[in-house]
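You will see chain A twice below: alongside chain B first, and alongside chain C after that.
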Partner chain A sequence: MNVAQQLVNGIVIGHAYALVAVGWTLLLGAARLVNFGHGQMYMIGAFVAWWVMAATGLPYWLAVVAAVLLGAALGAVMQRLFLRLTLSQDLVNLMIVTLGFGQALEGAAGLAFGPKPQTLASPFQEMSVHLGPVWFTVQDAILVGATILVFALLYLALHRSWLGAAVRMVAEDPRLTALGGFKVSRIYMGIFAFEGAAVAFAAALVAPRTPILTSMGFDQVVMTFVVVVLGGIGSVLGSYVAGLGIGLFTALFGALVSPAYTTAAVFALLIAAMVLRPGQLAASGSFAR
Partner chain B sequence: MSARLEIADLRVAYGRAEAVAVDRLVVEPGTLSGIIGANGAGKSTLINAVANWSRAEPRVAGSVRLDGEELTGLSAEARVARGVQLVPEGRGVFLGLSVEENLTAVASAGSGRRAWSVADVYALFPRLRERRANLAGSLSGGERQMLAVGRALRMAPKLLLLDEPSIGLAPLLVSTLLSTIRDLVDDGLTVLLVEQNVHAAAEVTDVLHLIERGRLVAGGPVAVMRDDPRIVEAYLGANHG
Partner chain C sequence: MTHPLARLAFAGVLAVLGFLLPRLLGGSSLVYDTLVAIAIFSAMSYGLDVILSDLGEISLVHTAFFATGAYAAAILTVTYGFSAWTALAGAVLAALALALVLGVITLRTREFAFSLVTYAAAVVCMNVASNWDFLGGSDGIVGIPPLDLSIGGIELTAGRSAEFWPFAYLLLLLTLYVVHRFRRSRLGQAALMVHMNPRLATMCGLDGNRIRLQVFLLSAVISAAAGWLYAFQRAYVGTDLFDTYFLVLMLTGVILAGRRILLGPLLGTALLLSQKSFASLGAYGDKLVLGVVLVGVLCLCPKGLASLWPRRRAAAVTDAPANTNPANTNKARFPSPVWERGQG
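What follows is the complex of A and B.
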């Protein structure tokens, strides 16, 4: 086994996990809300990018922009649809309706895009870099760089900007936030729009690595859930570290043991972490760290 | 000229239980009014209703006017924009934000009102300047109250509603904080203060209102109210004078 190559694969997969999870991390950390339609929003992001390229012939990077804009709009629409549930933080019902919303997205995508697997043809997926014993595609490098950039920008925005302070205020005490003159539902809408934009961005960058199917959403939501929980429910840096760690774990486990059992092994890891260090995983209000 | 605050036929209920029934309460501009009363009498419920803010879900009916403008139906943030600023009891600041962030992360004041700058607030409470980079969660109770008042001033209130600012503070801090608020009123601010500490409230207010079981049962200039037998017996007691 080429250990160095497996490490590179793990780093790339890990950054993909982290980028897919970043929107949910903010949603959970700031708004204490969940979105089990997250995976289907990933799928929609990938298919919208694919459709833009296939139907209009626009270049890949414009397809990425289109997917992000549509993702943001989808997130904002979700918040409007579930306004009462988001404001009352009714988590159980929100879980059910977002699951339903995801199923509706999947059905609509099946009708619109058909059952066939498609390929989101990024030109960077064809370019590869060989460095000594390892190789990766330019798409992989862009994915890793973009993930680091998104996490760094999110961290800075949360800590250095007025808007970030408003998000942290909502996370700590939404009622008190209203007394600062803020319309709290507007801040929630921004958080949902970010969640939608971030997962669509992730999809547009990650999806060129494998064929895309309209039924692929559920796998994404499962992995995102593991990353967010292991990262310490809603912690921004925690999700980055958790995504990277799980990526390395799956790559090495797949190479050393068996690729067939990686998902099961990741869940075993999650269960072990929940049993051994439950306090670390609790939602604590320190999400911005 | 209309009063700064005018409440008429205000009813606030939690579920079926009516918590507050106030037929009329008026606060004149540039005055410091106090609402005193026992625990659970409805003091907080009353001023929360003025701001249309609550941690519970009360039903509110009746009329609240600011400078003659009807506020009924406006959300808490819309009332903030018009100059009604509440500092709620207990937690009025964000513990996970720094002192300075607590002062900067506020919506801009409505047009025509000059908001306090962060420097103005530091000049008023120099202690906050020393702790500007600290998390509000690391402040003492007194410092948190200063910060909560400073944060409110940043939004240029026409009417500042203070809910038990003295709660949990050492006696010396209570009189320092209340005399600062008195100074602000002397400079033109209008304040409606809820206070359990009747002695302290009587020291600084112009007008006192006594609330019992949700109803205003007495009210008037503080000099008169000091000698009201209901207040002397129930709240000032043997310590009075």
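What follows is the complex of A and C.
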């Protein structure tokens, strides 16, 4: 086995996990919302990018922009739907409602895009870089760069800007934020729109690696769930580290032990972490660390 | 309807009418198929209902219990050639074993964390089922024989849907009876107290964790029994049993009518599956409908459709302690002070 190649694969996959997870991380940290519809939002992002390229012939980068815009719109729709539950912090009902939202998205995408698998063709997927014993595609390099950029920007925005302070305040206490004269629903709108835009951006960058299907939502992001929860609720740096760690773990576990049981192994890790350290989930102090 | 005998007679008439329902609806094979599916899936939903309504937690692992029942039935009858009765015993035991492990793991987690851990457990189960050859791997197990529950000289077999109906209906009635008895039993009352007021429960000498575990085991058995029958009806089990569709169907069925209403999950499941059978919009359209219904109910009337019916609500308040939860009503009337937030 080529260890160096597996490490490179792990780093690329890990950045993909982290980028797919970033919107969800913010949503979970700021609104306590476990978004089980995240996978279907990813699928919609990929299909919108594909459709823009297939139907209008626009170049790849414009398709990425279109997917991000539509993703943000989808996030805004979610905010309109879930605002009441979010404000009352009915966490468990919120969780179920996102399951239903995901089902609805999957049904709608099936009606709109049909059952056939498609390929989101990125010109960078064909270009590869060979460095000694390892190789990767230019798309992979762009993915890693974009992920680092998004995380850095989000971290700076949360810690150095007025807007970030407002988001952290909502995460800490929505009522108090409202007393402070902020429009809580507007801040939530921004958070939800970021979730939608971020996952669509991730989809447009990650999806060229594999064929896309309208039923792929669950499988594609199931690891993201682990990244988000294991990274610590809403912790931006935590989810980057968790994404990278799980990427390396899956690459090495898949190569050394068994590719089939990778998901089970990662989820067993998650269960162990949650059961041994349940306090980690309840703590709100870890947000935006 | 207050007299116990009158109530019993009413339930009896309802049960007989329910049994004759497929014939009253014309007796076509589509009607039989639909009603058998309604009976099986609502029985499955009652497993979740017990957790959701009485324990106040949301389990996302009940598809795995349903699948455990189905897989146990398939393996015992196809691989080992046992009878359907043995398969039922095997299904119950397998579900109890799985529930015991999961129950012990999730014992200390509540609400949010409980749902996350159960979701993770469901993913692990699905991953194992699709890769372990003993469980058929990704191909599943085919060729499950027709249901044969003959005892001694009495022949009880079912091949087609029309023959299947009495068994599915009996399972449903049995499930309803168990859930009804459970809610009036010591365990059911204790579960409610542990849910509503854990401190009071502890002061009354109840062991909250033990009660949660017992209810969890009961609910697993209910869902597994439904899975057992489903395996015979479909003659095939596969990893599609873990599909989110079943989970969403269960949750929507339970939530649609309202919590802690005995017939609620049955009515909810019946509405959803009738739409699928008689007014289908294709596989994708049906998914869309299911999702929209779940989102709509939770966003517009989180207490279920029954809460829109004023008479029913008045009755429910006197009947069911669920609606008189002091924590909930207080929250609704007076916004809790800021310093109390985060403790609840």
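The working rule: the second predicted complex is superposed on the first by the 278 of 289 C-alpha atoms of A that agree within 3 Å, B and C clash if a C-alpha of one lies under 4 Å from a C-alpha of the other, contacts with A are read in each partner's own complex, and residues count from 1 in each chain.
Note that in this section a residue touches a chain if its C-beta (ideal position, glycine included) is under 8 Å from a C-beta of that chain, and two chains touch if they have at least 3 such contacts.
The model shown is predicted, which means the values in this text are computed figures rather than measured ones.
Once the two complexes are laid over each other on the shared chain, residue contacts for A:263 go to chain C alone; chain B is not touched. In the superposition on chain A, A:173 makes contact with both chain B and chain C. With both structures placed on the common chain, the touch criterion links A:102 to chain C but leaves chain B unconnected. By the touch criterion defined above, A:92 reaches chain C but does not reach chain B.
In the superposition on chain A, A:165 makes contact with chain B only, while chain C stays out of contact range.
Set against each other, chain B and chain C differ in how many residues of chain A they touch, and the higher count belongs to C. Of the residues of chain A, those at positions 173, 175-176 touch chain B in one of the two structures and chain C in the other.
Residue ranges of chain A in contact with chain C, taken from their complex: 32, 34, 36, 81-82, 84-85, 88, 90-93, 95-97, 99-111, 173, 175-176, 214, 218, 222, 225-226, 229, 260-261, 263-264, 267-268, 270-271, 274-275, 278, 281-282, 284. Residue ranges on chain B touching chain A, taken from their complex, read 51, 53-55, 75-77, 80-81, 85-86, 88, 91-92, 94-97, 101, 104-108, 151, 155. Against chain A, the residues of chain C that register as touching in their complex are 57-58, 105-106, 108-109, 111-113, 115-117, 119-121, 123-124, 127-128, 131, 244-245, 247-248, 251-252, 255, 282-295, 298-299, 302, 331, 335, 338, 341-342. Chain contact summary for the complex, chain A toward chain B: residues 162, 165-166, 168-169, 171-173, 175-176, 178-184, 285-286, 288.
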